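Same chain, two partners: chain A is paired with chain B first, then with chain C.
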Partner chain A sequence: MDNTLILNDILGDIKTVAELDNFLAEIENVLAGLFKVKNKSIEEILDKAAGKSTAEEIKKLIENNKINPSDYSSVEKLLNNLKEALKKIQIIKISLAVDPSEEMTGHIFDWVKENMGDGIILDIDKDESILGGAIISFNGTYKDLSLRRTLEEIFQTKKREIMNFAK
Partner chain B sequence: MKDFTAYLNETEEIGFVEQVADAIIHVSGLPKAKPDEIVVFETGEFGQVFSVQPSYVEILVFSKKQVKPGIRVTRTNEVLKVPVGYELLGRVIDPLGKSISGIKPLKTPSEKRPIDTPAAGIVKRRSVTKPFETGILLVDLAIPLGHGQRELIVGDRKTGKTSFLTRTILNQTRRGNICVYAAIGKKKLDVKKIEEFFAQNGVLDKMVILASSSEDSTGVIYLTPYTAMTISEYFRDEGKDVLLVLDDLSSHARFYREISLLGKRFPGRNSYPSDIFYTHARLMERAGNFITEKGEASITCLTVAEATQGDLSGYIETNLMSMTDGHLYFDKDLFYLGRRPAINPFLSVTRVGRQTQTQLRRDINREIMSFLSLYEKMQSFIHFGAELNESVKATLATGEMIIHFFNQAINEVVPINLQIMAFSMLWSNLWRGHDTAVIRKQLHQILEAYNSDKKFREKIDKLAESDSFNKLLRVLKVEGPQIIKAVSQKYGN
Partner chain C sequence: MKYFDWNDEKNEMLKKAEEEIYKILETVSKLTLGKSIPLADHEQLIIEALEKAKKDGIAK
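Here is the complex of A and B:
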């Protein structure tokens, strides 16, 4: 499936693992609805099974691949290929001390896209024990840039000074 | 070992458990994982990198506890090492070096060694020259072993293999050598019985018992013989002669087969993986006779393999035969005939044992083997029902006497010099006309005298230094009756 631009468009809208899971769930719904007798057209299926933006993306995909919308077997094949392509997306896991706002998530995603390229989405979780900073893992590499680690290192290296200060 | 977080911060690499198949776990991530490297799970378990694939790393886990998908894993940059030292003597430990018996806690030795090391090269090796005494008449006289020899003990189940091994260990520990007994996937009760046996005989402090039970994880069972060999190598480097017993490698092969099939290795003959030979050969090659910083020292390896229905042509049995310096075959037919030990001298082989023998022992060995061969052929005459002449009858009677001579009680250990003397006295017909019960009784008395009377022992040892068998027989024609008489008088009742 040579739909790089379309895929990039899709990935531009999907920033996090939760969004990806949502998108995949909607594709599953569309696939499930494809061969139901009562559904008459692809538009009807997309209206019932998927959200507006997902429906738009799928319509663009069908158009780009010059598939007849009523040829449900080809549509099924196309959607399965899309699912396989989306499974290859790389995930960067980030632990933060706070729940990130949508704006913050957007900023992080933009930075990742600019510095690490396309095809990467975020898996952000909240871990208050890190106090601040972030713990990042990607492709097996792990970096603890949290405030907790920094404080631990300070307490280890400057233990004597701190004890003297405390006296 | 440090904890998970410490290793995570040190290596800055993380993996996630993707798939769990009993002992084999697939982990994504860990881009710089190396084969045989230790990895730690965030739940505290640890394992070893089994193989590195393009999209995942295969880990052999050493814990029976279930590892769940999604759990984080990190590398340690270390290989698996076990503690080695004199503190292990008298203890029963698991393949990871932890004590599994004893009331007092084990003081962990400070030195640790990797369990999988390459075998020593040719420069450090020496020929097998020192005889290895098992204390079993048939073996020491007819199928002799040497220090540094690798000998396979093969036979059906319940043919007396373990009994032979326990007596050999008893004899060797009493001579001051170190013994390492590796029980691979055995029942806990069997291991306990072995521990109690050696404790009762007062030799446990010269031994290390390494045990993995059948309920342990497959990964831990797989490690058992390698850990045992590492501990043996430590004592060898201390200048000690070590006896290593691996009981048994055929069940080790089965556990390795299980691991390989779980790791989706292509099954070969009998579903064993294609590297089963290498798995055992690299272990057996670490035994032998070596020159160390503290002098010449050896690791004598007695490997056990269980045959089925007497079939010596099995895959694992033939593999082990080709990588050892001989084998002792425990014949179930001889076992049912009441022979103890049930070793078949014609199907047993020793490749390097004979070069350790003195001229006298070589003469005796030749006499025994040629006579036993003649006796076997004579047996066939009886089946025909033909009339037997006097010489055939005499041969059959002598043969029967010698067969009875080689039968030994379950815990009986006979020193080599006494074996030589006893056989020579038998060969000189000093017990002609006596029945086997009388002969056995008098042999027991001689053994008792040898063990308790220093002068008697010195006399026997001196006689056993004779240059040749014929010379010894001439001397025994005079001395023999006196020995029997003296012993009967002192130990008769």
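Here is the complex of A and C:
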């Protein structure tokens, strides 16, 4: 079973670290439910152990990987492989001045996917003091591209002009 | 012996006052700017920041 293929099935549906954490917790629930109660169908287990979208994702994965849904050992293996694959996801940390709407998060995610490639999800936090723009950390690189930084640079370099204007 | 010079004192005080005014200006600019940006403009600034980060090689 190819972990990359498994990951490709899931990517796009998970955009943020919070969504990833939630997804992993639901997979753990499903794994725990697989051998807990006998004679339960996979649908029943998924219904009980996971949210609707996660349940759909898992059903899709089982189908795409041509696994018999009653063969719980194979389903378990698939889900463990998925967990391993999800560990390879990279995280881009972005500080914003505002709480992003779902739509804005989607636009940022789409930009990252298009420009930086697949397998990267967002870890967004809010820091009003940055005023606007973003502070970005990725792969050990840190970039302060905030409006606060721009404003501070202007105030450092254009002192004479600003004070003349203020007089 | 060094004599007290009113002009030196005055200039020093003016310089300090100017520094304080400058700090206030910077703080007021930050306060007003932070509150006056519409959400759509925030998104544009965020995408511009990502594009700048990409140009600076963050995606390597």
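Just so it is clear, the second predicted complex is superposed on the first by the 152 of 167 C-alpha atoms of A that agree within 3 Å, B and C clash if a C-alpha of one lies under 4 Å from a C-alpha of the other, contacts with A are read in each partner's own complex, and residues count from 1 in each chain.
Quick note on the criterion: contacts are C-beta pairs under 8 Å (C-beta built on N, C-alpha and C of every residue); 3 or more make two chains touch, one makes a residue touch a chain.
All values derive from a computational prediction rather than experimental measurement.
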Per-residue contact with chain A, leading partner among chain C and chain B: C
Partner chain(s) touched by A:A97 [first = chain B, second = chain C, both, neither]: second
Partner chain(s) touched by A:R149 [first = chain B, second = chain C, both, neither]: first
Touching partner for A:N164 - first (chain B), second (chain C), both, neither: neither
First (chain B), second (chain C), both or neither touched by A:T141: both
Footprint overlap on chain A, comparing chain B with chain C: 139, 141, 143
Residues of chain B touching chain A in the complex: 8-9, 11-15, 28-31, 74
Touching residues on chain A, where the partner in the complex is chain C: 94, 96-98, 101, 104, 107-108, 111-112, 115-117, 128-129, 131-134, 136, 138-139, 141, 143, 145-148, 151-152, 155, 159, 162-163, 166
Complex contacts: residues of chain A adjacent to chain B: 137, 139-144, 149
Chain C residues touching chain A - in the complex, by the definition given at the top: 18, 21-22, 25-26, 29-30, 33-34, 37, 39, 41-43, 45-54, 56-60
